[in-house]
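This report refers to the structure that appears directly beneath it.
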Amino acid sequence: MIIVMTPQATSVQVDAVIARIRAAGLSEHVSRGVERTLIGAVGDERPLSAEQFASLPGVERAIRVMKPYRLVSRDTHPDRQPVRVRGKTIGSGVPVLLPGVPLIGSEADLERLAGTLAGLGSHYLRAGLFRSVANPWHDQGLGMPGVERLGELARAHGLTSVTTIADTRQLEECLQADIDMLELAPGVLYNPVLLRETGHVNKPVLLRGCETTPLTDWLMAAEQIASGGNHSIVFCLGGAERFDVSAIARLQRETHLPVVCEPDFPGIRQDQVMAQSLAALAAGADGLVVHLQGYGTDEADNALDEPHLSRLSRLLPDLYALTRPPAA
Amino acid sequence: MIIVMTPQATSVQVDAVIARIRAAGLSEHVSRGVERTLIGAVGDERPLSAEQFASLPGVERAIRVMKPYRLVSRDTHPDRQPVRVRGKTIGSGVPVLLPGVPLIGSEADLERLAGTLAGLGSHYLRAGLFRSVANPWHDQGLGMPGVERLGELARAHGLTSVTTIADTRQLEECLQADIDMLELAPGVLYNPVLLRETGHVNKPVLLRGCETTPLTDWLMAAEQIASGGNHSIVFCLGGAERFDVSAIARLQRETHLPVVCEPDFPGIRQDQVMAQSLAALAAGADGLVVHLQGYGTDEADNALDEPHLSRLSRLLPDLYALTRPPAA
Amino acid sequence: MIIVMTPQATSVQVDAVIARIRAAGLSEHVSRGVERTLIGAVGDERPLSAEQFASLPGVERAIRVMKPYRLVSRDTHPDRQPVRVRGKTIGSGVPVLLPGVPLIGSEADLERLAGTLAGLGSHYLRAGLFRSVANPWHDQGLGMPGVERLGELARAHGLTSVTTIADTRQLEECLQADIDMLELAPGVLYNPVLLRETGHVNKPVLLRGCETTPLTDWLMAAEQIASGGNHSIVFCLGGAERFDVSAIARLQRETHLPVVCEPDFPGIRQDQVMAQSLAALAAGADGLVVHLQGYGTDEADNALDEPHLSRLSRLLPDLYALTRPPAA
Amino acid sequence: MIIVMTPQATSVQVDAVIARIRAAGLSEHVSRGVERTLIGAVGDERPLSAEQFASLPGVERAIRVMKPYRLVSRDTHPDRQPVRVRGKTIGSGVPVLLPGVPLIGSEADLERLAGTLAGLGSHYLRAGLFRSVANPWHDQGLGMPGVERLGELARAHGLTSVTTIADTRQLEECLQADIDMLELAPGVLYNPVLLRETGHVNKPVLLRGCETTPLTDWLMAAEQIASGGNHSIVFCLGGAERFDVSAIARLQRETHLPVVCEPDFPGIRQDQVMAQSLAALAAGADGLVVHLQGYGTDEADNALDEPHLSRLSRLLPDLYALTRPPAA
């Protein structure tokens, strides 16, 4: 941490900063320049926050030097690392497709979906069972009873089950039903209790963020999970009207963990889903979370139909081969 | 709902839109103009979503006419309505102050805080017990054991207890400890399961949103709570670096429910908290969620000190008198 | 235009809306529903603005049905149309590369750049001569004297000259120097006087927008140019830290004009430029505005080096072939 | 400038950074920590940009210590300083009102406006003469001929004339007509040529920014003006749907120059204008740019009527007295 004092800062104010650095068990390095005094905090910065210095009198700014996350940081793991999900991996080369439906309304639809995805050669069976945007007047999804059924259907078809949770009770239900991968709804980023429990679980996690998620909040949520021992974390970016692909590179620079994209949002047209899927892959995404038309509640009809999903699947290796940098 | 067709839309595409309108139990009104065909869906729009039409072939746009929310809408309640919280109200005239601390780290701090707030004449004792932004290397807050203690201390001092929850288990604990008011963390907006359970509870709710929350998502979260029978909902805006006061007027135009503000974020300086508090009140906020210095974990030190809190408290009635429009 | 009245709207307020519609030379169609009265304005909507109705008493919302732009709209030109730039086209198939330098500091650099781009087989010579983000302490660029030199060098090497302007005087200088294509700096979107003059000029225009530009403002700026008779307009998206590729599809849905991207911003790393270039192409961009390293002022050093530029150039046709939808 | 190297940075990469620091005439201070090497650039940072280091191999981040602006910085002028505008000041205590009309369509309207504002006791006559958001199908404003008339009317009524410019030709016309204060349209922030010319002029400047303007770009635009010798700069914030009052405090922390607000945008309702005006004042704004109903083109009808404008004027001193911090 570097604390930049204002030009008017008094020596009493400098001392207050130093006292706080020492109270946290670090030592200080003071550099008095012509215009400003800079104070460096030397040692493990993680227990410090820039904010606790920023509001002290005489402080202009406090700047982190070390990242607040370590377990999920490329500092600790310079090479990108794949995540294993039931025998397969995400992040070890050719991108993967995680097809599914955001909200399943009936058991019959869930069964049809499992059959179709198995028929299409998918490895995944992604099915949302709980509504993620509140609307008491719309279908609420299959809910808890769907969780067990999802697990059974996935096992019956040899598929990898994925579903979205937003609460500790749903987590428990998923563990009981032996769901293979847990998707954490965007709001969970701000629920450290659920993040912590997910960290104690031996299941890979798909960690959703939305377009406006600050990268540091996202990485710290992953750090919270990892701090419990669960390092199988995949970031999932998208699901919003705006699709800022710069976040792929920015995440991949910070973390060794895989980054997949969901180039979709309610009301988008199929060609835009295709265009943004290809853009995500070209920009280096490790996979795509896509929706299949005709299985979910009405709102999902903007998703891909089967021919488009198949085309996307065939394009994955070619696009990978074309766009990855040549070996040095 | 008005569905605007593209100039090139075929009659088959028009028929598909009509079929979907009828399938939802509504009827259609078709108006063929020179440039475009417009199709109105006549009847209760709530089971429809604009998105399910927007992605149909030949559709340019689908525009809601009725609001997707009704219970929390001023259409249903033209006059603004206060919310009762343990014998007092929010939203019935002079704004209220809800002082507290975002994250309490120890029982001793909680006790001190209760004593101080009682001494300052506060009606509220707001204390965060769970971290809301993940950081495994920082203090996680008192957690579950703090909930019961908060209830006891509030009763002992005659204060109204408020704490933040993000999960159904925390909700249960708060009910058991008879906490007076439930603050829902920002991520809860995207957790309809917890929203629904909160709707079945007989406790007033403080519904947090952040600067980037779309207003409709926020109002639909309130609608979800209200649909369970709990109409005691207070919107709480703020807690972010940017403080867009236009949301106060925009919310108050849509809903009869009170709107309070939190003009604070980690690292803000005390004068900016004061300036933004006054701005929120001048813009019509029904109350302020403010933080008191010296009781929470380190990061909260940017909050107001006692003299500033007292000054703010004294200014509330004068600012109200000055800024409210004169009676017609 | 559809004007949605509030449930409480009086008949006097309805009449005021009708009067305003008639004053603009349109006629009205009133539809009184159970919950709300809707008023349709029938006729050419362009002289109306939604805002002039939105603020009338008793009005809840005013919704445009027709687009405020017509000349640049796909309503008028259903098929996408290329733009001719000195014998070549943008938007007629395989995307094009517009390489250059954002800010040239000396005539020597400009000469070297022209030689290099000619050697690389480029058709374009893009060179910024005026600083676009204010900084009085940094290099201001070659300025006016560079304009004539740019024209000469382009002619000497058989290249197509492109430079950025932000003011009518710079426009005049460019016409005098016979510059081939005019790039309008982002701020020009809010300078209708310069837009209008550009509309009277017989030169293709590159119309820059930034990430936060509302699409309608951008399209209206193009409409302003087109209304003067100049229909050779190419949209250029990017140049910012965030790179929202959804704007490509959204623009292409509204307009028949080409859309190119600049996947670059100060301080970006070369691999991210490459990744975002490929993403833009995969998402359907008609071309790329890219920067070449080593010719501009210091700040441009984050641009592509020659090997990367060559690789990008070789990838254009393959990526186009791979990602464009198969013929029906 | 502090350059933070990545953990993997080689000594060759460190040397390249040092070389660039020395090339700019500064010296370096290298500090090798356990996890990272930090390199400080010692000397005048202004000719450096963080971006030119950020993209060098082995560099993780480059952090400015000194501000890139100096003339407009509170570092240089610790106390806030008022700006004189034709005998009056902005920023020297009780906030001022700058009433006017965003776009005047006829000379008759301009004359009526001058009479009314004089009658209301205003010191200012603000009148937009050029459209600022392109729309070729709407009224374009009085244009150049209005400039001279504005000057005459202001002199006739003893008012201070203010108008908006976006181009060097408009600047010339304003100088010729002896307009008292120049408002720079938002796009001008990205037009250093016009900023530079405004710096050579002996007229106070109102420098508009919009909600999405990065604060540094805004301050650097002011720095560009100031570098020419013109230090009479007033920042003007607002004019957009979102009204983020935090920018007032953030600007006032960086600069000694006054900050006024425009709590208005097309389509806003009069009560929201009032509420946001009061919010801006309570948050510390030095003045308000407000619009008067009934004089401009149709779109301006959402502005304040005369009774509201008078009420606002009466509230200024009381709100100032109430909300300013008590003397220590």
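Going in written order, the chains are labelled A, B, C and D, and every chain counts its residues from 1.
Criterion: contacts are C-beta pairs under 8 Å (C-beta built on N, C-alpha and C of every residue); 3 or more make two chains touch, one makes a residue touch a chain.
In this text the structure is predicted, and so the values were computed from the model without any measurement.
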Higher-contact pair (C-beta pairs counted), B-C versus A-B: A-B
Taking each chain's mean CA coordinate, chain B and chain C are separated, in whole Å, by 38
Whole-Å separation of chain centres (CA-atom averages), chain B against chain D: 33
Go ahead and note the Å separation of the Cα centroids belonging to chain A and chain B. 25
For chain A, write out the residues touching at least two other chains, lowest number first. 269
So what shape is it, when you link every pair of chains that touch: line, ring, star, complete or other? complete
Partner chain A, residues of chain C touching it in the complex: 241-246, 248-249, 269, 271-272, 274-276, 278-284, 311, 315, 318-319, 322-323, 325-326
The answer for chain A against chain B in the complex is residues 46-47, 49-52, 54-56, 68, 130-138, 140, 166-170, 185-196, 212, 217, 220-221, 223-224, 227, 266-270, 298-299, 301-302
Chain B residues touching chain C - in the complex, by the definition given at the top: 2, 4, 7-8, 29, 31, 33, 35-36, 38, 40, 42, 63, 65-66, 75, 78
